[in-house]
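First, the structure itself, so that you have it in front of you.
Letters are used for the chains, namely A, B, C and D, taken in the order the chains are written, and counting of residues starts over at 1 for each.
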């Protein structure tokens, strides 16, 4: 069942490799079928070189396996919390991409230092707190999802499609699995550029609100004028 | 019309990709036909992987579309200001290349730290001020062009073919579209090297005037002796 | 004799090149045949481009050459000390990979800054002291091995499969030659990410013990739940 | 004449490209025919993509052109000073490779931070003073050569085959053109690693003399035991 979704999620996972965002078995991408609320996700610990569309695992929103020979990603529960709370998203990606992860390791949000950032994210990409010990015990992956949701209590997940999980790495989401990976890829580019900016000027600051608004809104929302009209 | 220019501008845009200066829909290159004063530019928001010569858009110096199925680059007005003020330039390139953009994000000029730089640019590559709020409102892209022109009030755009737009990224120009891209590419190499120099010695300074003069003038102007005589 | 081991060790040496961990004649990988206690190792100073399986050299645990036309790696004695002391390891790799070596040159352990690290190494990857002059004289390569063993007197080499030799570079080990190279490769990725984290936040600290335990143990040991059950 | 030398010098120039040490028309390699004392060098300002063996230029030790359609490299006079003073060298390479040039721009010697360095260079790779104004006027390229020779007044050019020219970039030499390029390539690798070490520990220091001696001498000189006996 859901062969098309499996193919899409498989392709999105392979895009992680093509975009240089993962090596070995790092990372995982999922997508949701909105009609059935069934989630398709990468199996746990399988090398990308050996991955096939039919290896994708189907689970429902409670985490029950619906179909699949293999165990789903060990991070599945984090994905589920995101689907349950960020209504309407269609895909989630998690990587240990080196530049974004460096920010996670430094426990810092990804500053909004320029228009490249403002074209994609409406402000700083937030960094969560470090997960509490009691939550590690209670259910690490589920609570990582809750930590992200808590971090977004004053943020709009439609305008901020990524998060830096402190000491861990980035998660991103989007309209579908492919879009979530695209956000991860943009995030990685900005994470890299920002490191260089910090070297040049250790006191760099976020760009001013007016410039952020201008760039974000020329690409997003009802007054956007970047690109071609969608047909 | 202007099929040859379209082909050249298309090739120059694709050179951005080949030289690793852009990903996704970032960046844009234009060229001008000097006889008709018609400008050819990349369409807005089109993936380089799908770009074709016939997608190029023709506009006049007032920004009126002359030919083309698609919308021109959202940065077209910035290009127009440059063509209107820097008489004689034949091409303009804009990228979000990671190293040059890092300097823009840090709001710093690109220091002239060595002879590699002096071979191409006659001094520091200037960084503009951050665009004022009133100018963002008045017409962001047009005023970005004016900001560049203002930054060059005491500079010769023939000897300094690039600028760092603060919080944004680099623009470059040259004899034609291909040349403008070449300048962007050199700028990126120097921007990268200079970051490493800052790491090694956070107090690096511009090279002395005599050495800058020697290198710039052995490649440029009437006493140049680098390279082969042009036939 | 031991043709299969020679082939494996040859492949593992070539993996160093494929993974970008060595250039020229840098680095060396060995593997042991547990039945005969014979070690197979790369010959000294041979370009990877010219290396063939039949060039591999066989030595016993005392360093006596058993078979092979060429001299074994000049680092053979270091490998032997590791096999003699870290019972049960099946392969050893040594590289001058740029990021891990940068930590060796800085004489610093590889901090455990995130879950990527915790997934593979149970704590900081230790950095040895600088080898003493008397030990350089006494037998440099053998004493480098002893220095590693001394550094591990309170560490479990099963849970920490790599070391940074101060002023020198990394050594790693594993179940076999291929596994040792994989550890080197992971080490290099983490060494790179950690450099970026230090740039962003020069005061970065190790992650907390509870998070290290969680990640290390979800992949290793009897309660591991990452990946697929081995069949 | 000297077709074999031209071929070798052409190949060595192309190795600069293969090793990622140059782009565009940057850099140049020469080689000398020891019998005739004729030097073969890259022509000035020619793109590597268009370079052919027959484009190589022959000059004598006084800089007089012996054969060739094109002008020799603008840096020819620097090469000549090196051949005239460092008797017995067979090739010279000059690049603007990004990491080594970053050290030149920072006006710092390349510290000897580890055994990778000690395997190839017997100590710090020196950085010249900045060329004096009077010498820029007197004859820039010739005086750059003299500056290098002056920097080596207490150094053995057989054991230190490279120099960092302040504000400019690296020069290297060796038994022949190919060997000179290999030295440039090693220099670049070490220049890169050392930048990372400076990030990790801004107070890094040279390794101790005993470790430098051990590594340099296990690869060089009459007691060397690295590699295979030459046949």
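Couple of notes before you dig in:
Criterion: a contact is a pair of C-beta atoms (placed from the backbone, for glycine too) under 8 Å apart; a residue touches a chain by one contact, two chains touch by 3 or more.
Quantities reported herein were computed from a predicted structural model and do not represent experimental measurements.
Of all chains in the assembly, none touches chain A and also chain B.
Because chain C and chain D share one sequence, their contact can be compared position by position; here under half of the interface residue numbers appear on both sides. Ranked by distance of CA centroids from chain D, the top chain is A. Each chain gets a centre from the mean of its Cα atoms; for chain A and chain D, those two points are 47 Å apart. Centre-to-centre, using mean CA coordinates, chain B is 33 Å away from chain D.
For chain D, the set of residues that touch two or more other chains comprises 199. Pairwise, the chains that make contact are A-B, A-C, B-D, C-D. In the complex of the two chains, the chain C residues touching chain A come out as 113-116, 182, 185-186, 189, 192-194, 196-197, 199-201, 204, 207-208, 210-211, 214, 218, 225-229.
Within the complex, the chain B residues that touch chain A are 23-26, 43-46, 70-71, 74, 96, 98-99, 101-108, 130-131, 133, 136, 140, 167-169, 195, 198-199.
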